[in-house]
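Two complexes, one shared chain (chain A), two partners (chain B, chain C).
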Partner chain A sequence: MTRELLQDKPPREPAPGKKWIRVTKVVNGIDSEVWEEVDDVQGPEWGPRDKLRLVSRAIPRVDGPEKVTGRAQFSHDVRLPGMLYAKVLRCPRPCAKVRLDLDAARRLKGVVGVVELGVDEVKWLGRPIAAVAAETPELAEDGLRAIVASYEDQPFAVTPARAQVDGAPLVNSKGNLRGLSRNTDTSEVDAALAKAEVKVKGTWRVPVQHHASLETHGIVVDYRGGDEATVYASTQGTFTIPGDAAGRLGLKPNQVTAVVEHMGGGFGSKFGIGIEGQAACLLAKETKRPVHLLFDRASEFHAAGNRSGGEHELEAGVSRAGELTAFKARVTRDGGISDGAGQPQPYIYAPKVAFAEQRCVHTNLDGHRAMRAPGHPQASFAMEGLMDEAAYAIGMDLVEFRKRNLPEGKRELYARQLDKCAELIGWAAHAHRSKWDASNAELKTGIGFGLARWGGGGGKDCRVEVRIASDGSVEVLSGTQDLGTGTRTYCASIVAEELGLELGQVRARIGRSTFGNANPSGGSTTAASLAPAVKHAAWNAKRALFDKLAELLGGEARNFACGGNLIYDATDKTRHIGWKDACAALGPNGLAAQGEWQSHLAANDIGGAQAAKVQVDTTTGEVKVLEMVAVQNCGLVLNELTARSQLNGGMVQALSYGLFEERVVDPDLGLFLNANFEDYKLAGCKDIPKMLAVFEDDPRGVIGMAEAAVIPGHSAIANAVRNACGVRVYEMPLTCDKILNGLIALKKA
Partner chain B sequence: MSDVAGSHDDRPHARDGVLTRRSFFKGAGVVAAGGLVGEAVHAAAHSMSLEPVRLSGEVEIELSINGALQKLKVEPRTTLLNALRNHCNPPLTGAKLVCDRGSCGACTVHLDGQPVYSCMTLAVACVGRAVTTIEGLGAPGQLNEVQQAFCEHDASMCGFCTPGFVMSISACLERKPDATLDEIKHACAGNLCRCGTYPHVFDAALSAGRALRAKGGKR
Partner chain C sequence: MRAFDWIQPKTLDQVLELLPGPRDTKQRDRVKLLAGGQDLLGELKEYLVQPEQVVDLKSLPGLAALEFAADGGITISALVTLAALESSAELRTRSPMIAEAAGSVASVQIRNQGTVGGNLCQRPRCWYYRREQALCIKKGGAECFAYGGLNKYNAILGGGPSYIVHPSDLAPALVAAGASAVIRGKKGERRIELERFFTLPSEGSVLRENVLAPDELLLRVEVPPQTGWRSTYLKFRERSSYDFALSAVALALKLDGGTVREARIVLGGVAPIPWRADKAEAALVGKKIDDASCKQAAELALVGAEALQYNGYKIPLTQALITKALRKLS
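This part shows the complex of A and B:
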């Protein structure tokens, strides 16, 4: 496979039978755009957009009626004969030696199984240490209370600050503060900074954010002895389940079927079965009864991963003409016991000279997990803030300054998107485009901007089957999982489109490991991996059907076409057959066709811009977001309605991140203080502004679009607050106290 | 933090002999107890030698659920939510267990027509009252106006919060089919959605209100 760094055009003409596609790859640890030469196979095409009947149109999701009537079955909802409910005991200390006596719990009436999760010394708060299965959830809680546990506290550090003081207890054997960059030579950037006409600097901080999926992590293990088990899992990866579960059940992976009918949100946190899932398997194996183990809410906060926090110390040089001449960053991410995802700097914008150092600091808390666009929202908050500070420092229009510092190859794209956002949010009529509003008004309005980038390309790990039965019914089968993005719906619509049927004639069956393999849903890779394979399977099914009909009706299969429940010879329209009759001709076996990923039906590389308009109450410090606008390209939009939901959802999550969300821990007591929905705030109905989501026309194939949507919204909001009242909040979330303190500081200055 | 021994939710739970559903005891080595607070026994953290004793038992109650009477065996501490999900036959799992303390609305059902958090309501307190769950509002093929509008406007993504939103909005529009956007936001201010479907939820609610008014206005 040949790869070349990205230029505007492919490096040369493709070899015979090959073609060039753009992909995002990690090259030397950096996300890079590259051209890749791949086989140019003849196959299905999406076709002209204006000719599409179902794909790309606004289609209500096919499983909507199940969801709105409570019939959709999530793993939480699985109820089986003789099923036990399991609960998990978690270590309430961040670092402790643990001793358990389970005898009393075992003797408790109604408790059927108890397992110890083999740890002598716990290194992070909330680690599971034992699990109890009982006849009801209430009895399982009793069982937990009957466990006699003793915790011998060890020194701990639960905040980055405490982890870095002299003599801090060692969380990681390699040190609590670890440099992750090989290049630490700052001489070039220091020289460029020294020569800068204007300098700006600041330290931006982001808190730890939680995925807070409404359906918590967990599985239901249906094992009643014997050599087969079914595992219902709330997961982003159907195929990440059987292998994990089989090991603990003493079965082979192919004796375990994973089922994921519906799942209640994951956002990057749900892969595999985890320690708790292993406990459920052990309990099922011990009791030979089905076991239902789902986290409670506090556990979800303590032990289901998070988006790492971070500190971004940024310094930039800028010319009075509006060019970023130098950029220096030191990024320290707060990943708990793990490293945390990279928070790339400089984020999107292209200074002439740039240097970034990445470090991580370890604490005795749960490690990070991937969360929707890992690392990008954190980086965006700091970089977009710096961009505004630089623009204010030289008195330049905030949009104009951004447009002057865009990366090579993306200038036209981002400039167009910024202009569109500016138009939709009313930038031209806004009075404060290059300075903030310094008036004494009580309610002040400001506007801010931010950019996003993501890959969203697909891969080869999907196998899809389309079945046509002799009664005319059609099924599309894949083991993939629907996280709420509308996967079932586009599977059905792609097949119906290809076969000339109505949406209701095709049933999509997904979420079962006995169906064809599918990639786990991470990094917005599902649609771009799966949709091409679905299209390919439908196309193959159609060709097989046409071959059969050509035998039956005469004519040549390649001249056949279908539409409106009819199959006909395009060269001789008298040769035609209705869909039902055609399928009856297949005989009792019907037909089945397979499909795999087709690179030409997918694409990669998303760009987006967002703008926010806020109102700041200078008496209370309250920020009210009035309006948000998102403009994004994303290749072929598979379903305009569900895509709009995702773009809105990205903006909502970013708003929530910017204004409300923050993990709070007590550094002395080592406790997580807000592991619930009263104190860990999520945006609710009354926080939602007017929202506008715009997809750009984009002739490319399918690209996953969800990650980019969540990246820049909170940055735009923070910038809008600064624009409204002059207060730069360097640390999220943007709470009233920070705004008021900022206003007081401004007054003093 | 109900999963972690020794750091339980610390809210008062034994006030004035009031029936509460939680009986949390602090400290390791705690003895199980549940149900009526009057009977609660506090166990000290050092009570390692105590044999566990359960002080509550099951009671048989009859509840009116979606228009039909159903006999259920529950404990006094069993929430209405757990009764619906774990004790009904067939199980009614449309109402979801998400926060288990009345802060997200995913468990919303109607009690005598009023939306309530079923995770904060004891099953035994619902005897003689009419419980309506999401399963009682409509079925696929027979959706009510709110459910229909939710489908058309794509007001669900993962769908876990959806039953709760549908219950809150249905109750609101039942009272006031011409509810304004602000009134709708107020009606579901107690419901959380993590996927961020709110804009489409509002569109759906306004559209359902129009459909209800077209059908015959205020009842």
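This part shows the complex of A and C:
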């Protein structure tokens, strides 16, 4: 489990003037929580919620017009004078010794650079092994096909099943089953299971899901020799780029500037420059010309990471009174060549006795990467399924059974959220609350539920600057990246709020490594890290301005206030000055103020519940999701619109995961069969139900709220299907074949 | 894709000149015709075909006419777009199932671009066929990988030695309407029932899905008057937003006070060709549409269906669609 608190309490009493706070630290997008000692100082406050003008209100993204008109420049769109287009050659075999002859490719007209990506033995299907840069994308592709490659096939295993049979080829020289738990003593849980009044068990499986970012991975490197380079990157971490790129270009990190003006989604898969970025840098170094290398869709599917699959063998004991008395799990993660993110069990609910064994199985496929709430959606699917099975087994209301098994310290929260979901989805009026619908109706309706938890705390990695120019214009600068989530917008709105200006008066400049440092966007840590620092910078700028004005106007700076483009002395309203005049008084240098993270402006710990209502056509197996509801605590909502989009987007992504998404690889041929957006099915607009997103009133500071949103939707859908027609689909996605086969099996039984 | 010459002929004769000879099957893929390009581009990008010349049919005049004759007949030229069919009120009146089938294809963007000729002549979507690396029987290899492989989307009827399903939505609807294809080759025009246009892998060449010779192209489809027929097209897809059919039913009925006088049932998504369920059609004649006749028709339509490892669900699914379609028209 990756995000358990190390300890419940701080390690010791805080030093004078200090305090302990919980913070989320991220390594490769996987968060874990630690205690950190910080200064206990007075600083800016978000202020009463009802007094806020911009923050927490519904503000359209400031970059919306640019995006919808196509003016926004993504890394894909970058075109530089003399730029070459590059493409990568993927190893077409899951496991092979590779020899490449690049001569013919080099000789091709229009091909300018060819590099080998330094592998003799490839261990996973689709690994980039060479790259070609040419005058046009088409010529680059011709160059790839001119490479003479010989592959000496080695035995491979591309499915967890094949990797676990006796005599399976070794994907990992230390064995295909890895990360075995040290604690193997099951005696306590076995005894509890033996004593259980009722037992339920099942094996749940989730397939590998892909991030499916609309902008693929890659970079454009502007290097023409010399000692400076600019890298336009599609990344979740502006500051993860310069060091990586410098290494490959033979420069120092401070000679490389990363630019991330806009980026088209990452979901946890875009940190550092990756193999594709390395290839681009090597080509730029070789050709001394700018190189554009962004994956095509097939490469994106093969070599840009994924959400690990998993198998959860669960067994539980339950009392007739509705208490989970025993819980035993064996979790086998399917993380390709890597381990897969932990899929914690028991997920959220708190059985009296619990035991979980965790392990991973290696296959000759691309390794997993962090993906929106790594490990949690997988764990949720199995656990929520088990919860319903247990409730059905004792004939208890599905919501009531959940409420009886909530974890210490979270009972009130989750009970309240479950009740709210139940109310909004129409649970009380639903006929099948403790058993599923066994009627012969053709169209049947069912409801299901699920819970989510996440950390979402911030940390002190951000440095923000606010500049006020003598002409009255205001800029906020941070190197941070906007993943399309609205970061740029709240940077501007927080500053405008603090300075009493309109949103349009503040320009946010972000996505450049020459600006102040910012943390990479992983583990829902961006808002909780950045927003407090923005607030602090604006507050410092305001204080510096007030100090200047006190000199000019008299009065005391601490009595000054601002609003409506006016600065005034709150104790003497005759003492006032318009914004423009105030800024003019700053002289040609204007003013700049820095901001740092303020722990009291952020918080940590998200809880949420979701419900889904589906209709199953029992003659065709069609599942139509009719309604989804999400209730979540979110701390201070920075922007109602973008926060709502996160909850809606979470529900959409979970629906897509539950109903459609699945990587398909032929086990015999070792061939990825659906590495495109036709066969790898993502939900489209016609698949989306009515959605309702509810933020609970939450007095806390800013918390990253986006990951929890994706955790339980598919679990609720799978439970709703079972509730509607009796078919428990143990393996996602919930396609019609599984439902029809399940209905036939039910009829026979 | 491999580089090719882009040719924009002004007359049909120029197109015919470019095409290989009628028996020159080896040269077939040297020249490819491009209509809307929605299918061909995918094939080019995956190197499934590597033509030297691509001929743009859209530059030809007179191939985009949708005509409604006074006697009720409908003429649909090859370059009529799916969007034009879908949005024609007259077509929807004369043959709802053709309009519905056109409207069920892919997405709005693809329907705006895709044509009737391209839709009928499109190549299979089987994911083995569509991967360059899998040299399957459809590409001149020895084996149908779907047969013993991941065959959830493959054929339950008429399969062998290839188990593709015909991907076109229009084809079942046009066959059910009794349409004919007008074909033009170097030696002139010929006319053939659309039902005979499509070929099973066991009958024609396993490399092809229709009777077109290397020198031929489809000029138009002619639909006889549909007076007295009621019709519908029901398509089941995994994803509502855009998806090929897992199964589809084109149904046309001539009813006389609730009694079936004539019936046409053509299945899509389940066989390498639009699959005519003639036994089911015959069984319906003289009957009223009720539970018993629906059940009988649904069962007879699937006689001979053979499930592979992962596509058995298509049998109950198709039966359900047939029943739904019959109920809808009754």
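Observations, loosely collected:
We adopt the following convention: the second predicted complex is superposed on the first by the 708 of 749 C-alpha atoms of A that agree within 3 Å, B and C clash if a C-alpha of one lies under 4 Å from a C-alpha of the other, contacts with A are read in each partner's own complex, and residues count from 1 in each chain.
One rule holds for everything that comes next: contacts are C-beta pairs under 8 Å (C-beta built on N, C-alpha and C of every residue); 3 or more make two chains touch, one makes a residue touch a chain.
Computed from a prediction, not measured in an experiment: that's the story for all the values here.
More residues of chain A are touched by B (comparison of chain B with chain C). Once the two complexes are overlaid on the shared chain, A:685 sits against chain B and chain C alike. Within the superposed three-chain model, A:138 lies in touch with chain B and with chain C [touch as defined at top]. In the superposition on chain A, A:369 contacts neither chain B nor chain C.
In the superposition on chain A, A:289 makes contact with neither chain B nor chain C. By the touch criterion defined above, A:660 reaches chain C but does not reach chain B. In the superposition on chain A, A:92 makes contact with both chain B and chain C.
Once the two complexes are laid over each other on the shared chain, residue contacts for A:671 go to chain B and to chain C alike. Applying the stated contact rule after C-alpha superposition, one finds that A:740 touches chain C and leaves chain B untouched. Once the two complexes are overlaid on the shared chain, A:66 sits against chain B while remaining clear of chain C.
In the three-chain superposition model, chain A touches both chain B and chain C at residues 92, 138, 141-142, 671, 678, 683-686. Across the complex, chain C is touched by residues 92, 138, 141-142, 617, 619-622, 659-660, 664, 666, 668-669, 671, 673-674, 678-679, 681, 683-687, 735-737, 740-741, 744 of chain A. On the chain C side of its complex with chain A, the touching residues are 1-3, 107, 125, 127-128, 130-131, 133-134, 145, 149-150, 152, 236, 238-243, 246, 310-313, 316-317, 320-321, 323-324. Contact residues on chain B toward chain A in their complex (touch as defined above): 1-7, 25, 28-34, 48, 50-52, 54, 75, 77-78, 82, 85-86, 90-101, 103-104, 106, 133-135, 137-141, 143, 146-147, 150-152, 154-163, 166, 184-186, 188-189, 191-202.
The touching residues of chain A, counted against chain B in their complex, run 60-61, 63-74, 76-77, 79, 85, 87-92, 101, 104-105, 107-110, 126, 136-138, 141-151, 211-216, 262-265, 267, 295-299, 302, 483-486, 641-642, 644-646, 648-653, 656, 671-672, 675-678, 682-686, 688, 691.
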